[in-house]
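Note sheet for the following structure.
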């Protein structure tokens, strides 16, 4: 792998909210008081238990063994090490799990303001995704409008499992706002836990929970396409983040096959789902659920029939790879450059504004 | 069929009453075909849609038809209407009856399909029921799958003044107080219609908070619990403050759960007010002024003393609306209201309260 | 308190908890789905002066609750997620640890207190084994379950537990809460903690209806069940409604030869807290008339924020007999404590 | 009725509170940003010690979703059931004017009328430059 | 509705006289009355009164209306009764026409998932009796499934024991959307009894868990429901592996029907990665998940994956293992695969034979 000198763009890294206290200064007075008077401990998600191996690479953890917080560690471990040009921070604090719309609005605002203050201001290479309270799409759209004024926000972030499939019209105000500002929608692994993480109920083990995230992406891709989101918002791009990648083409084979028989049910889907996906969907390349052999990885990427779909990502601090193996083996230098630079620039127009 | 002789010396304290909950049934899928537009008619046939009867009301279950009111299936509109006239309207001299049609429109997952079938259903009700019996009124069936569409349907149908209420199922995809559903309340309030919430589920969730039960009996039982949670949701989400003239009618709920439920809610409101500061008066006051319940089923024993005490616990003569729940088997004989309800209360329940709750009833109902 | 319990676990489970925590069909690692109205849902004055969690310090509990309120007999019900964890083996291990902890830290040190056998009822065999392990001890007076699991609590997969409880003569306490992973209402996920709290009364109703309709009391006629922390006002209405359904559904409920109210009247007790507070307090007495004065048990919920103070929980002129029954004798009878 | 010395002012800085016994009754005295208030240390609901409660703000709202947080609206939130009482008037924030004579006795104590069931009793407080005084 | 069948029987395949096993044929009741002789009066009345109660809201039909009536091929409707209810038509149109030497009947309605588990047990038993009387005893090419009330492990075990050793039955049948993940202990009696009886356990897509068909909520369309089915199967396989089912029941063989197969390699890769990272949590899982899948899971081909690059499908089959794929037609349903045209043309004769019959012969011990 050779990233040096490319100015690679890390399309998925995770600024960690160290504790709820860090957000409190960014909360309105009522919620500041509620955190205290109700004794709210914080909204860390079970999707990434702090000490679970996947949650942070061992050598990236802090001295106490917790996932690393603060930009300095990231700069050292990733940004400077691989001479990145930009990085996009996706904060996956549990805002998306909150049940009260108002609390979700307050927290989302706080996370975005915290992100700007603690990360974006700290390094000119940093970019971030806007956390939205999907619980109320109108207010999510308001938050997009508010944050989009800061050009360092380059994407809108949604969890892969919310309360209803993301294609439903209920959520369209979010897509409308995102399209208006030229922001892609990033869908990240994680659940609001309104439903079990598998369609057949609650698993016993965390490892199943993690494995099931890719099922969530399958359902959402089906929903976005079948509900006609891309017909309605022809300029919208969706980035599937930390999805696992190798599920993608087989799922579309099936969806495209079914579409041929059931097209009349969704007549607004006016071309094969496989094609729609190729135009509108991008995937971050960590993790890549494939064996470590060059041939299989090459085949998976071939099956996309497009070299524009993968986006380079470290998934920092999640433990997806060791040492410097951040790019899956099996890619040519040209593919690496596409993935690490050209595809991100094409996907996130705002990155082009500052790119030298 | 019942004995048709109505000339005898039966006690008839219900003359002029308004029956606020009468069920009418779509006999079979094809009954709605003439009311669907070309595309959805084609879909119904080409995709082989089945009847949309819901599991909340299996037709053959004893509780869902009083034996002497049970008609051979499929019962045509004519047969159903005749039974309604003979057994209730003529027999007791009701001045009006409000039809609720519980067809599984809301259970469909496609918003568009839900919308098209709701439209067809409302048109079918107007044409085949309301046109044929001047004493009938009806509730507007709405596609709860999409509140915006539901609001459109309310505004469309409300121009027919014989529709006096908006009909929702007690269990939807989200609690009914959520802002998601507010377009429905906005439209209802604008049209001067109460929102009638009726037993039934979209079955997006198990009917209990503890999972799926084994028996229909528990499904039926759980409807009463669902009303409790939904009333909490409507109050705490602030629906009654946001829509200050909106009224809500709870239908087929059972009644006796109400007082202890309100005691509990008032108590928790004291401790948790700051979570929902827009709730400014005790929930029980909101309920007494804005919520009405239909009287069948009542869920009390036959003992009049119990009923009297319960009415005292409810603490208002204005909350109950007279209903037979026809043809469901809620009572036998002529006891449309439980013993223990005083004549004065009967007058309130059977006439004054319905007229106050449904402003449109005043138009054209025989005094 | 948690540390006390975790230290009793095998190293494997301690590592497990440190690594992935305790998954319990909800998304937060620390917070609950509905952040409580008060820190940890406790009275603000219940934090022991010496530190530690409310409810973790026996001396302080004595000083704050048992002594001033003249509590002669108190039943401990340890809550927490132990019983509804997704990992059943961990659930079993934790329940055992909690039970041993109750004896060592509480019941052996304070004769007024008795424990509840916390059963990992998602694994009925393990729960039965735990019941048999502890049933003979004076330390335990009931088997404790929560009202919410993926399956309704009357489901026959739980029957071995009811058989065991009936056999050893311990009542089952069904405490509101738990987490089945379903929305707490039949109509989806509400927004507020207030709704969550209100809904516990509805889940208690569902749980009781399930026990009755699935035939648990018919099958285990000597089984006694106490419903805890769901309030009590709703019981008469529930009974009346169930009887009416039963009359109309005799064929579906062919396994129930008697009306539901009879099973309930014979086999079900209710604790009072959080007791309903009607404006006219006489109304609550009328409701208890309908329930039966021999079937209501005082409960404080100490140290939780919606605690009922024994001096104020029943602000009514009651006959001495009723007062004694409500505050003491019904419980002594139910839990088999000899008294004069 | 007479004023009782509660504490020296410097012993009760803003944010502090203390309980004093006056004529056999416990009175909780609060210094809220320099203003002193005194309440009977007994929640009218179930009798908890109000001095253990949280001194906080009564959030209000003009419509659902709006939380109006005005720090001047101080309430004491009961340590048990979290009922809120206006620290100035002792009135329940939930039902300040509820006087339901039908089922509740009103009573007169120390010459002061207790208004309805859910009002925490308050006492006049003053300072003389050195000491905090409560009249009771 | 019926379309006359012109005789286009595939003479060449008939001439070849090679075996062809169809692992997924759907028989249907002409009407509920077909079960009348096998149900007690109580349950017959119950069925009449309350109907089937799955964990969804419709008294008849399903939450997502099918794209065609009965989800069936339009040419599969007999003179009377629903598609799949007429043995003569099935013989003529399917068994004879395609040269099927053995077909496995998987009834979908009733299924074993009724909410009332005692009723469900009675229905399953009745359906199994009916399968023998009306089908397998009439047509030697057909084998039946043991339908079991799968939400009640003990009752399911009883039913399996009752059918063990009867040559009429090929496997135990569940529907994929169980109310809890399939590896959970409540289902272990099924695996135990099936192992004892030497029967594979098959899961067919559909059923109603009571949870949304996607893990992100209720979709809107039938196409989404169809596209989502493999997710449930993926979760079931993951659950069986992580709960230690395959370790505990070493003779257990698991068959996935009508979920397609393209997703299986990606699942195995993902599970392996997750297991490597988090094996401390599941110390009872001794080997990488892909090994359990490779050795213990069989998968049916229908609906055949149709990729833009045909070689990709063959490659995916190779990833799964040529010895693990079973041909299935799904007759008489609308997304039926024709045995002649369904398989990718690039397969070798040997690969084709494996899928068409060899694997099934091995699995079902023929």
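By letter and in written order, the chains are A, B, C, D and E; residue numbering begins at 1 in each of them.
Rule of thumb we're sticking to: a contact is a pair of C-beta atoms (placed from the backbone, for glycine too) under 8 Å apart; a residue touches a chain by one contact, two chains touch by 3 or more.
This is a predicted model, so every value here is computed, not measured.
**Student:** Centre-to-centre on C-alpha atoms, which chain is most distant from chain D?
**Tutor:** Centre of mass proxy via C-alpha means gives E as farthest from chain D.
**Student:** Is the C-beta contact count larger for B-D or for A-E?
**Tutor:** A-E
**Student:** Measuring centre to centre with CA averages, how many angstrom lie between chain C and chain E?
**Tutor:** 43
**Student:** Per the centroid of Cα atoms for each chain, what is the distance between chain B and chain C, given in Å?
**Tutor:** 35
**Student:** Please work out the Cα centroid separation of chain A and chain C, and write it as a whole number of Å.
**Tutor:** Inter-chain centre distance comes to 42 Å.
**Student:** Can you list the chain C residues in contact with two or more other chains?
**Tutor:** Correct list: 19-20, 37-38, 88, 150-151, 182-183, 189-192, 251-252, 305-306.
**Student:** Hunt down the residues of chain E that sit against at least two other chains at once, touch-wise.
**Tutor:** Each of 49-50, 67, 117, 179-180, 210, 212, 218-221, 278, 280-281 in chain E touches at least two other chains.
**Student:** At which residue positions does chain D touch at least two other chains?
**Tutor:** 45, 54, 59, 65, 67-68, 77, 81-82 - these are the residues of chain D that touch more than one other chain.
**Student:** What is the complete set of touching chain pairs?
**Tutor:** A-B, A-C, A-D, A-E, B-C, B-D, B-E, C-D, C-E
**Student:** In the complex, go through chain C and note every residue touching chain A.
**Tutor:** Residues 18-21, 23, 25-31, 33-40, 86-88, 150, 181, 183, 189-192.
**Student:** Tell me, which parts of chain D touch chain C in their complex?
**Tutor:** 45-49, 52-54, 79-82, 100, 102-103
**Student:** For chain E, which residues count as touching chain A in their complex?
**Tutor:** Touching chain A from chain E are residues 67, 176-184, 209, 211-224, 226-228, 230-232, 234-236, 238-239, 242-243, 260, 262-263, 265-267, 269-275, 277-278, 280-282, 303-309, 312-313, 315-316, 319, 334-335.
**Student:** Over in the complex, which chain B residues touch chain D? Could you list them?
**Tutor:** 179, 237-239, 241-242, 269-274, 276-278, 281-282
**Student:** Show which residues of chain B lie in contact with chain C when the two form their complex.
**Tutor:** It comes out as residues 61-63, 170-178, 201, 204-218, 220-222, 224-226, 228-230, 232-233, 236-237, 254, 256-257, 259-261, 263-269, 271-272, 275-276, 297, 299-301, 306, 309, 312-313, 329.
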